[in-house]
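Sharing a structure here in structure tokens format.
All chains are identified by letter, namely A, B, C and D, in their written order; residue positions are counted from 1 within each chain.
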Amino acid sequence: MRPFMHNMRGTSTLPVLLAVVAVAALFLLPNFVESTYALHIMILIFISIIMGSGWNILGGYTGQYSVGHAAYFGVGGYTTIILMQYRHIAPWYGVWAGILVAVAIALIIGTICFRLRGPYFVLASIAVAEIFRVTALNLKKLTNGAEGILITDIPPFKIGDVVITDFMSKVPFYYIGLVTLIIAIFATWMLQNSKLGYYFQAIREDQDAAHSLGINLTIYKNVALACSVVFTSLAGSLYGLYVGFIDPSTVLALDLSVQIVMTCIIGGIGTIFGPVIGAVVLVPFSEALRSNMIAQAIIDSGLVSENSGFGFFLKEQLSHAHVLIYGILLVVVILYMPDGILGFVRKLTSKRRKEAI
Amino acid sequence: MAVFLQSMLSGILIGGVYALIGIGLTIIFGVMRVINFAHGDVLMIGMYMTYFLFTLLHIDPFVSIVVTIPLMFLFGAFLQKVFINRVLGALPQNQILLTIGMGLVMSNAVMLAFTSDYKILSTKYSSSSFNILGISISSPLLISFAITIIITVALYWFLYRTDTGQAIRATAQDRGAAQLMGINVKRMSIIAFGLGAALAGTAGALISPTYYIFPQVGSVFTLKAFVITVLGGMGSIVGATLGGVLIGIAESVGGVYFGSGWKDVIVFMVFLLVLLFKPSGLLGTSKD
Amino acid sequence: MAILEIKHVSKFFGGLAANSDVSFEMVSGMIMGLIGPNGAGKTTLFNCITGYYPPSRGEIIFDGHRMNGLHPDAVCKLGMARTWQKVRPLAKMSVVDNVMVGALCRTNSLKKAREMAMEKIHVVGLGNRVKFLAGSLPIGERKKLEVARVLATQPKLLLLDEVMGGLNPAESEEIIQLILDIKNIGITQMVIEHDMKAIMRISDRIVVLNSGEKLAEGNPQEIVSNKAVVDAYLGGE
Amino acid sequence: MNKAIVALMLALMCIFPAVVTAEAVKLGFINSITGPEAPIGENLTNGVILAIEDLKEKGINVDLIKEDDTGKPEKSMAALEKLATRDKVVGIVGPYTSATSNADAKMAERYKVPLLIPAASKEEITRQNLQWTFRTSGTTGDYATILLEMASKLGQPKTLAILNENTDFGVSAANSAKAVAEKLGIKLVFEEAYSKGSPDYRSTLAQAKAAKPDLVFMVSYVADAILLMRQSREIGLSPMAFIGAGAGFSVSQFASEKEISHGIFSSTQWTEDVPWGNSKAWYQRYEKKFGKSPTYHAACAYESMMIMGQAASTVGGDREKLRQQLRTGKWNGILGEVSFTDYDGYQNQRKAQMLVEQVQNGKHETVWPSELSAKKPIWPFPGWTK
């Protein structure tokens, strides 16, 4: 391994230090923050980062744009929860089973679908996810169909006789999410700086060239998929356990697949921190839109009176319009920041640098 | 047997409308290589247009396509010129997300404007039918099937017999070569998207009397359109026509023999198999 | 000793024969020129040899291995590497990363791969471009990058598909020198080229393809004086 | 990376609790305002708007915080979380769907905030020993029971076909119907869960017809309800009776399709005919204000908000007191007398008096039970008009 400074593209030691500080701060956060609402948003951000990082390995680094990752998210979540609810297998074992099942399924699908390229692969990935969704709807004995599975209680996690956590508050989920996301980021970093990472990127840049350089496309694409699915499945399990409810229309939906891709693209794909930035921007933004906080803030700040026509419009209509705004945002980002926020920022700084010279 | 014939027939009739949706998508894909995730939402716009023409101006839905087609064409051309055009060279995932975003904007803008109520367009003939040999045939569905055939024939004439049509087909076959041959590819793209939107809008108009209308209705049809397009071979108009009818039949007959819950699985399985083993579509000539 | 034997290779696309019944041999250490008019089937033959298409008929023996049905990655591992007529840089990766991808075919260590890559980069003369993105290089340097990348896979046989295409005379001259240098290291090469002067200069032997068939084979003098070749091909120049 | 931290800080600033000042009763309302459930969600919103007006008239000022859950459980949880911890509301009305209600019910338990579910009918929601969750809506079991009991009294149906949409509500209602039918000795001869939004149900209906059922029980929302009946008419499916489990079959949009709606039964929790409260006047007021007639969802949401508002006005922001109020109180409004009791394995569940309506000449008429009915039921199904 070479020293840090060269490995992380475009970054140097200072940001790494900052990252360490940020992680430390995140670990201490629950001790200072009483608002469980804030913790809830943080946990959603974490889950979003984990699934984004997972997708990023396949989509960002290897260039295989799956718009069907909800399939693996759902398989992971369902496996863990079915095992817990019907077989009484504790989730910290079930999660591994979830990963195993998801990876096994992914490898079968990958072997079949990876011969497709470009838009054809995208469509195949959507079809796979839809097959999973409809299957989950129909296998009522296994998945309880459209009614979904409601978790009664997560057994307390014990080592020996010592209860580590009983999962009654959000804090354990917060830490599990945080640790998993750090692992996901670290794994991405490791990948980027390994033979695998080089091979993945070579496949992304030019499959045929990569093939001629001794890279077995089927094997390496499947390896990328497997790595990707590990985190996607973990995110799914974590989501299911945290929300306490799982049903096909939430965990196996096309919406979710799109959301995963969107997190990465908005942050910047094929970069370690792309999914992080994507999640940190998207989750609070959509929450603020959903709960009408933005309109409220505009009114509270005194810019617009609540009783004026515009104020009324903001208060009553903006909450209806949040998906619309989300859509507009998406269009604007794609048109004006096609490389995501990270790419945009990088372009700005490099421009400034050039101007300085 | 009666059940089988019944489901065959309604499958074929519904399939005609699916074909229109598929043809629209396939032209767009063929010419621009962009997968249009907003296709269903464009169809939804067509439905609302038909609905308001009917309720406000009392224009029969089947007559209203005379208005719908040109309007939707302009709408499609506008979308292409303002949005799609800017991502033609971009990464496929960016194109996909852009069209998804456009779809979200369309469906939610419509929701804000007209609420998310289900709108049901009730004509005198909405639920009329007649019987032949114990098989009932829905009159509006039959009319819409007939119109589909007329439009498809007109479209074939346009694409195969006019210069513009041939230029579109040439662009669909090989964008680069078409450009070298002096075809104004940009213009073709605008026309293609306009055509695609017009066809989707027409399909929307045709199913309005027998279906219902709400802002999110598009998603049902977007996925179907993909399946149809791939089945027929992306970019193949004949293929999409047949693909539409095939999917109509597969859904209808599959629903009977595998249960309607599983019919989508069957449709998507067929879709995957075609993608894998005959990526050029059922009709396409395979290139070794 | 023959390092590569092409035995009666044919390749059909639909009903069309892109190659039909092509046979020749290459001896270790030589440079074989492969020429022919456009559409003669040169690149198709490359693709058959390197595993992109399975040949419809015939056999390809490389270094004692039967190559039919092997995929390009396996072909590369056996020691045969190719460049592309239309260059294929890994655009968003740096020059050194591009070459490392080639080197990783032989090692699992990034450190070793980097050393190997740096060495090849210096061989082709891109030492001052190490950290540039491959996509930002001009065409001449992309061609060199492509050569460095295949060299890093440590091939016994190198197939170069029009490495001088689109280059100015000075750049072409650099590439010619590079090819001769590679020959001196002891790597066998097969070269597709349109520039007749260059191909005559560097080739030990030349195979002429026309409409998918082998028209002639011999050393440069023989080819220049071969009537069939002159009629079919050189005469047209 | 620096940017990431800045962004994080900004995000946190958005989230941290704002200063709260409240004089009025602070209540939350979670609903599906956008998303696929929005069409019905709108009825709930309208009902609540009327309730807030009426509460004001009673001198109860409600500071209502509306939250949209887009029909997704995790969004709904976020909404509840925000209401309970950041906005510090006393009580919450909502959410709409069964899936979101289920998720929120557990969360309400954790935050000890009274949650009053207006319209979700999945049985399990109030069968989990939850202390803080109350439900105004009847359950899917109630829907099926009244319909099948009525059918058994009016005729002697022996066989039953069930067609339900493959959603949480559809499946729960179908399951309840199966259980009730078994109790009454009615045999199930055909069952199909269809995926909603399909333009063509003809093949499924042709199959149902081939099974020759006496009763056809359907669960679907209005759009599919109209489609199903249109296509039943085309196919010529004509059993002893069509019975629909509320939802789509009980809205006026369905009834107005005279050709296909005449003679169809549906169960519901509220109609304008009921003698409870000032239902008739409320119906007219709703129609005038929103330009459409109210569904039972609207009535349930209205009553839920009325109950929540009245109960909360006396407790001065104390959630535990509010919970006691809800457990012990009795209210009289457009749903008749409402109280939340424990019975049949339910907790804090309103024992809903269900009604059966029949569409007669394009209008819903309450036909069952006889003591609450305005008209006599038409039995059996009169057949399709030509």
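Heads up, the rule we're going with is that a residue touches a chain if its C-beta (ideal position, glycine included) is under 8 Å from a C-beta of that chain, and two chains touch if they have at least 3 such contacts.
Remember, predicted model here, so these are calculated numbers, not experimental data.
The chains that touch chain B as well as chain C are A.
Note: the chain lying farthest from chain B is C, by mean C-alpha position. Of all chains present, the one whose mean CA position sits nearest the global mean of protein CA atoms is A.
Centre-to-centre separation between chain A and chain B, using Cα means, comes to 33 Å.
Computed from the mean C-alpha positions, the centre of chain B lies at a distance of 35 Å from the centre of chain D.
Between the CA-based centres of chain C and chain D the separation comes to 72 Å, rounded to the whole angstrom.
Contact of a single residue of chain A with at least two other chains is seen at positions 134, 137, 320, 323. Shown for chain B are the residues in touch with two or more other chains, namely 108, 111, 259, 261, 264.
Multi-chain contact residues of chain D (touching two or more other chains): 34-35, 166, 193, 195.
Remark: chain B residues 2-3, 6-7, 10-11, 14, 17, 108, 111, 115-118, 120, 122, 126-127, 129, 131, 136-138, 207, 210-212, 214, 216-217, 220, 248, 251-253, 255-256, 259-261, 263-264 touch chain D in the complex. Residue ranges of chain A in contact with chain B, taken from their complex: 59, 65, 67, 112-113, 115-116, 118-120, 122-124, 126-128, 130-131, 134-135, 137-138, 254, 258, 261-262, 265, 269, 317, 320-321, 323-324, 326-331, 334-335, 338. Chain D makes touch with chain B in their complex at residues 34-36, 38-39, 41-42, 166, 192-195, 197-204, 206-207, 210, 221-223, 226-227, 229-231, 233-236, 253, 256-257, 259-260, 292. Listing the residues of chain A that touch chain C in their complex gives 1-2, 193-195, 198-199, 201-202, 204-206, 208-217, 270. The residues of chain C lying in touch with chain A in their complex are 50, 52, 71-77, 81-82, 84, 88-93, 97, 100-102, 104-105, 108, 110-111, 113, 149-150, 153.
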